[in-house]
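Same chain, two partners: subunit A is paired with subunit B first, then with subunit C.
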Partner chain A sequence: MTSVIESVGPAVSAGSTPARHPRPGAGRARKRAEIVLFVGPALLLFLGFVILPVLLAGVYSFYNLPQSFQWDDLADPERFVGFANYARALEDPAFIRSVGNNFLILSLSLLIQGPLAIGIALLLNRRLRGRGVLRLLIFVPYVLAEVIAGLSWKLLLQPQGGVNALLEALGLGAFTQNWLADPNIALWTMFAILTWKYVGFAILLMLAGLQGVPEELAEAAAIDGASWWQVQRHITIPLLGPTIRIWAFLSIIGALQLFDMVWVTTRGGPLNATSTMATYMVEKGQFGGQPGFGSAVAVILFLISLVVALVYQRFALRRDLAGSITRGVR
Partner chain B sequence: MSVASPALGGTRTTGHDPVPRHRFDWGQPFIVLLALVIAAIAIGPVLYVFVGGFRTTADLNANPVGLPSPWTLDNWSAVLGSPRFWGNVASSMILAVGTTAGVVIVGVMAAFVIARYTFRGREGLYLLFAAGLMFPLTVAALPLTLLLRTLGLHGTFLGVIIPSIAFALPTTIIILVPFLRAIPDELEEAAAIDGTTRVGFFWRILLPLSMPGLVTVGVLAFVGSWNGYLLPLLVISTGTLPQELWPLPLGVTQFSTQYSQDTGAVLAYTSLSMIPALVFFLFAEKRIVGGLTGAVKG
Partner chain C sequence: MNRRSTTRLVALAAAAGIAVASLTACSAGGGDDGGGDGDITLTWWHNATSGPMPAVWEEVAAEFEEAHPGVTVEQTGYQNEELQRTLIPNALAAGDPPDLFQVWPGGELRGQVANDYLMPLDEAIPDTVSSVGATVNPWQVDGTTYGIPFTFGIEGFWYNTELFEQAGIDETPTTLDELVDAVGALREAGITPIAVGAGDKWPAAHWWYQFALHSCSPEVLQAAESDLDFTDDCWVEAGEQLEEFLGTEPFQEGFLGTPAQTGAGSSAGLMANGQAAMELMGHWNSGQIGGLTADGEVPAFLGWFPFPGIEGAAGDPTASLGGGDGFACSAEAPPECAELLAYIMSEDVQARFAASGSGIPTVSAAVASLEDPNLTAVAEGLADSSFVQIWLDTAYGTTVGNAMNEGIVNLFGGAGTPADIVKKMQDAAATL
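== the complex of A and B ==
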């Protein structure tokens, strides 16, 4: 690394010396060259591997493509099917179920994980011996790969696995279930695993947000006779607003894109009880050999995410982000 | 963990209400209990997997909960002695290091220009990258695999690394631009007076000064790549690369399917797969937490 720094620095500055004074155009050309050279690689990668595939998804979605896709297939008028892929997806009960599952997970996350995390963060927001250790421990599930966490839970939740055995041992044998294989409860089980995985992150985010809430306000209110709950309700939580709204945004996006955990634990089953838009897409598009149809599903997923994100940004995030993206560059 | 002394506790708000007495008596032990419960729920399942790796499958089948009897190191030594496990680890390492290096180098170069050059289209450029946040990998996944096949990258490490870099760029640039912008113009002017070019300034002054930002971005890219599943699933699992060279998340999944009857071995394989991430996390905890909370605060 250092050798690169040493070699590039002087070489470049030496080359520039004559160009500095004579013609103003030379400096501009040089600047332009620098811009192209520095942004070029990022732009190329980004356009080629992010933007282009997303656009291609849009194109593919209008075709009936075979598994052994060739570019020629796009020129074959026989393969152009218009909106048929979209119609097929929107008429497939399995896909509708997937969309519903995504939104159920989304709502449950906001309604259960959020308040849970806020409550725990409020209670833990005090000097507590071992807080550092606690912080590390609640963050463990978040650091584990979703796949590895999912596999562990799959083992724990087997009929003969640890969870049922623990219930038996506690005398709660009546509550044992086939957690991931029973269509009636599989999605709830999935939500519980996701909560286990992500609530620690939410708690830490809230705790970080709480550090920005001045103590003086709460102290003043307490002196005026406000109860602990009144202080939290009227002072702390409103001041935590920006953190809560940003957490909710991340949570919404995460819920709509959900894939890894579902794929390794249930692969969307049983009977589509846990399938999501993303697992449906991979199932049909990649492993079902229908890239065109899968792409239509991807586009629907994209549009839903986009609309939800824009609506959310319009109504909830406006105050906090006020231009953090649009006005990021002064 | 023990109850914190009152001096350390949260009782400093008032001294004359019934409230503090109430909180002093019940609050503190309650909080500690709550903390213990949360910690137990968070790591209980992980511990179960770890301890389970020390049990024989027969023992596990006979009694799914409970401590190992007898403790056995067979599963662990089998995993640690298998080329397959180490191949998985090495593969994940290659992918993560390659992605991280690419993201940091390409990202900081682009962020440098966006942060410190004035030119027409600069805002558009920044917006373009920022908009990338709205383009999830999931949406691009299928065309991406077809594209990689055309480029001859399907089934290769580069086929995972290159798209991973591309998809990590938006976050990277959004984090780095404010960082690079915060370095005072006076420094640049002084450097210019001393005869340093903008590029020289970049290498000799900006890069060292923005090291904390680079580390944060690097850690995020590393963790993202290490934990990544969808891309390896589409690019590698359907290719010709042998299972011994699959990245860890893919390798663990495959192992647990293949040996689903041998629970002890699967638990050992899974728990050993957790260790690299946990160790890395211990070292990078501040960066991960800081990066995430910093990133979302914009």
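== the complex of A and C ==
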């Protein structure tokens, strides 16, 4: 402990009192001490609560661990199974189904939520009666807590729930469905709930992006005889590009790590129809009493997310991010 | 930043880390265990969060404090699943468990005993152990008692007497064939025969447990619990019987997505609103159904009968499936913990528990204090049972239990075979 005080002390005092032996490096040393002082605690927390668990998950994934495992279980050679947990996950049709569900939600988000959000944002960006109210209504679901929204939908979409009752009342009894109970349509219902929940956020982002599109360009184009649609198609949307690409990035990561909405409404059922990698991981790792196997699933989820994120950054975000987030992107 | 300065930064950060660690180590010595001067704090975790029970446990804690000067009892109620699946396992693994807490019998108890987490109770409170009779067996490991159940009950059919009358059913089914006939009669009368909350998996799984209980001999069941050996043909037979029963379409529409106990559309809610005639469920169900009616009262039409026997099957027709809630002391708890447990199990407290209508007490003298006629019926069913098997998923532990329930729900959804269930169980057992 004392050694630390010695190493930090002089650097600090060098700044507060005139240095007896002025050195060219004194200022820099002080700066470094400041960095250590201010970044150190945060860095320690980050290492301890983020990096260490990630590394531990990697270690656990090579073991077959009992539900409440002790440290000595890691020293037991019989518990070391190498890549068997990974092989087991990749051979399990339920896990493959989960990965497929994740990527289906991902594609649907990009193909449906994106255009929908852009369209609504363009409409809301015009002078419109009740625009403020509309913006508020669209954003409310995003503000609502995930668990509350999920539970509400779960209750509404039960076979005897509010949605079916409403359809009956409207004389549309033929359209009633077991929305979350029918394995054939549960995932689509789930996507509808997710769209309801997250499209408001996308619209908000797009609206913010639209603020950055100079009005003069649209005016100039209009003077040249461009229609409203032509202005949007050739000027507004291309200039909205950076916003769209950032939104798509958030959407992709969100779709890959989808957990809470599914957990609250269906817990991955029925028959794995709505399970995602994350719900599968919790179901097997926490509730199935197999922390080692769950860790392997966590690592696979991490790797898939990492690869997708890196590829996207490299190819789609390269211009937007030049010099801002990573220096590696040129 | 060049390489040298980076390494120096890392070194500095490491030094700072050691400094922080030693600081916390210094402060950790303070200790909170008190002891020595007779002042003792007992922490007690239970699952009473609503209804009459929180007040009863609070009263019990206060009375115990009064009778034992210098002892403080800190009791807290937590939501059941969270308590059993998350809070207690984490507290035990972290080495900082509460003194008195709820323990599920079977696999969970065995795991905790294997890790030396629990206090043996036979020498500390022998009278209390013997006061609950055979219901203590599931809380014993190799003849040593580690927990004592304060409530224990069996599963059976909760049914709507009015709907039964409407469908012209005069007597409750006593055999599987009669049950199938009743399902047919109800269907014909335009009534949903049976509600099941398959969305929560375990309520559907209980159907298979019942068939297994009645297909497998008690010896096979007992051997399965200790060896996790599921090679006997009776396990596949249970699935085949269930498959055949599913063929009669006894359940409500969309049962794969129905929860068991949340909201009016849950299986308990369908019972509460008279939209289904039967539900196979544990002894706690009248309270659940009561909580989901418009007036919050247990409906007058509610009745109870035990799961019928199956003719010609190897299983004991009067065997029942059941379970309960027990309390155990942590291995490091002060001896007063066992005294508190003995007080909780005293006839007086058990009678108050029974009178509250929250469940069936385990001390037989207290059973007379039951006021709810349905709970009395369940208690009689329990007394008539030749053999009580605890819920198979708790009996076999989380890993096998989870795989088993998944396999059974697949069969319910038409996405698996009876043999798949057994294979899933064997595969899961092999990873232990």
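To be clear about the criterion, the second predicted complex is superposed on the first by the 289 of 330 C-alpha atoms of A that agree within 3 Å, B and C clash if a C-alpha of one lies under 4 Å from a C-alpha of the other, contacts with A are read in each partner's own complex, and residues count from 1 in each chain.
One rule holds for everything that comes next: a contact is a pair of C-beta atoms (placed from the backbone, for glycine too) under 8 Å apart; a residue touches a chain by one contact, two chains touch by 3 or more.
All values derive from a computational prediction rather than experimental measurement.
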> subunit B versus subunit C on the shared subunit A, clash or fit?
Replying inline: clash
>> I want to verify the contact counts: of subunit B and subunit C, which reaches more residues of subunit A?
In response: B
>> So in the superposed three-chain picture, is A:Gly161 touching just subunit B, just subunit C, both, or none of them (first/second/both/neither)?
In response: both
>> Tell me the contact category for A:Val311 with respect to subunit B and subunit C: first, second, both or neither.
In response: neither
>> Which partner chains sit in contact with A:Arg126 here, subunit B, subunit C, both or neither? Use first/second/both/neither.
In response: first
> So, does A:Leu43 touch the first partner subunit B, the second partner subunit C, both, or neither?
Replying inline: both
> Does subunit B (first) or subunit C (second) touch A:Glu34, or do both, or does neither?
Replying inline: first
>> Between subunit B and subunit C, whom does A:Ser295 touch in the aligned arrangement: first, second, both, or neither?
In response: first
>> Applying the document's definition of touch, where does A:Ala181 land relative to subunit B and subunit C: first, second, both, or neither?
In response: second
> Given the touch rule stated above, what does A:Leu271 touch, subunit B (first), subunit C (second), both, or neither?
Replying inline: second
>> On the A-aligned overlay, A:Gly285 touches which partner chain: subunit B = first, subunit C = second, or both, or neither?
In response: first
> So which bit of subunit C gets in the way of subunit B here: 21-29, 75-83, 129-137 or 147-155?
Replying inline: 75-83
> Hey, what residues of subunit A end up touching subunit B and subunit C alike?
Replying inline: 8, 32, 35, 39, 41, 43, 151, 154-155, 160-161, 286
>> Which stretch or stretches of subunit B touch subunit A in the complex?
In response: 1-4, 8-10, 13-14, 17, 19, 23, 31-32, 34-35, 38-39, 41-43, 45-46, 48-49, 52, 61, 63-65, 106-107, 109-110, 112-114, 117, 119, 122-123, 125-130, 132, 134-136, 138-147, 149-150, 162-163, 165-167, 169-170, 173-174, 177-178, 181, 195-200, 203-204, 207, 223, 226-227, 229-230, 233-234, 238, 248-250, 252-253, 256, 263, 266-267, 270, 273-274, 277-278, 281-282, 285, 288-289, 292-293, 296-298
>> Quick check on the complex: what are the subunit A residues that touch subunit C?
In response: 1, 3-4, 7-8, 32-33, 35-37, 39-41, 43-44, 64, 66-68, 70, 151, 154-155, 158-161, 178-183, 186, 266-267, 269-271, 283-284, 286-290, 293
> Hey, which residues of subunit A end up touching subunit B in the complex?
Replying inline: 5, 8-10, 12-13, 16-17, 31-32, 34-35, 38-39, 41-43, 45-46, 48-54, 56-57, 60, 69, 71, 120, 123-124, 126-130, 133-141, 143-148, 151-156, 160-162, 164-166, 169, 196, 200-201, 203-205, 208, 218-219, 222-223, 225, 227-228, 242-243, 246-247, 250, 253, 257, 259-260, 263-264, 278, 281-282, 285-286, 291, 294-295, 298-299, 301-302, 305-306, 309, 320-321, 324-326, 328-330
> Where on subunit C is subunit A touching in the complex?
Replying inline: 5, 8-9, 12-13, 15-20, 22-23, 85, 89, 92-93, 111-112, 115, 198-199, 201, 252-259, 262-266, 270, 275, 397-399, 402-403, 409-410, 413, 415, 428, 431-432
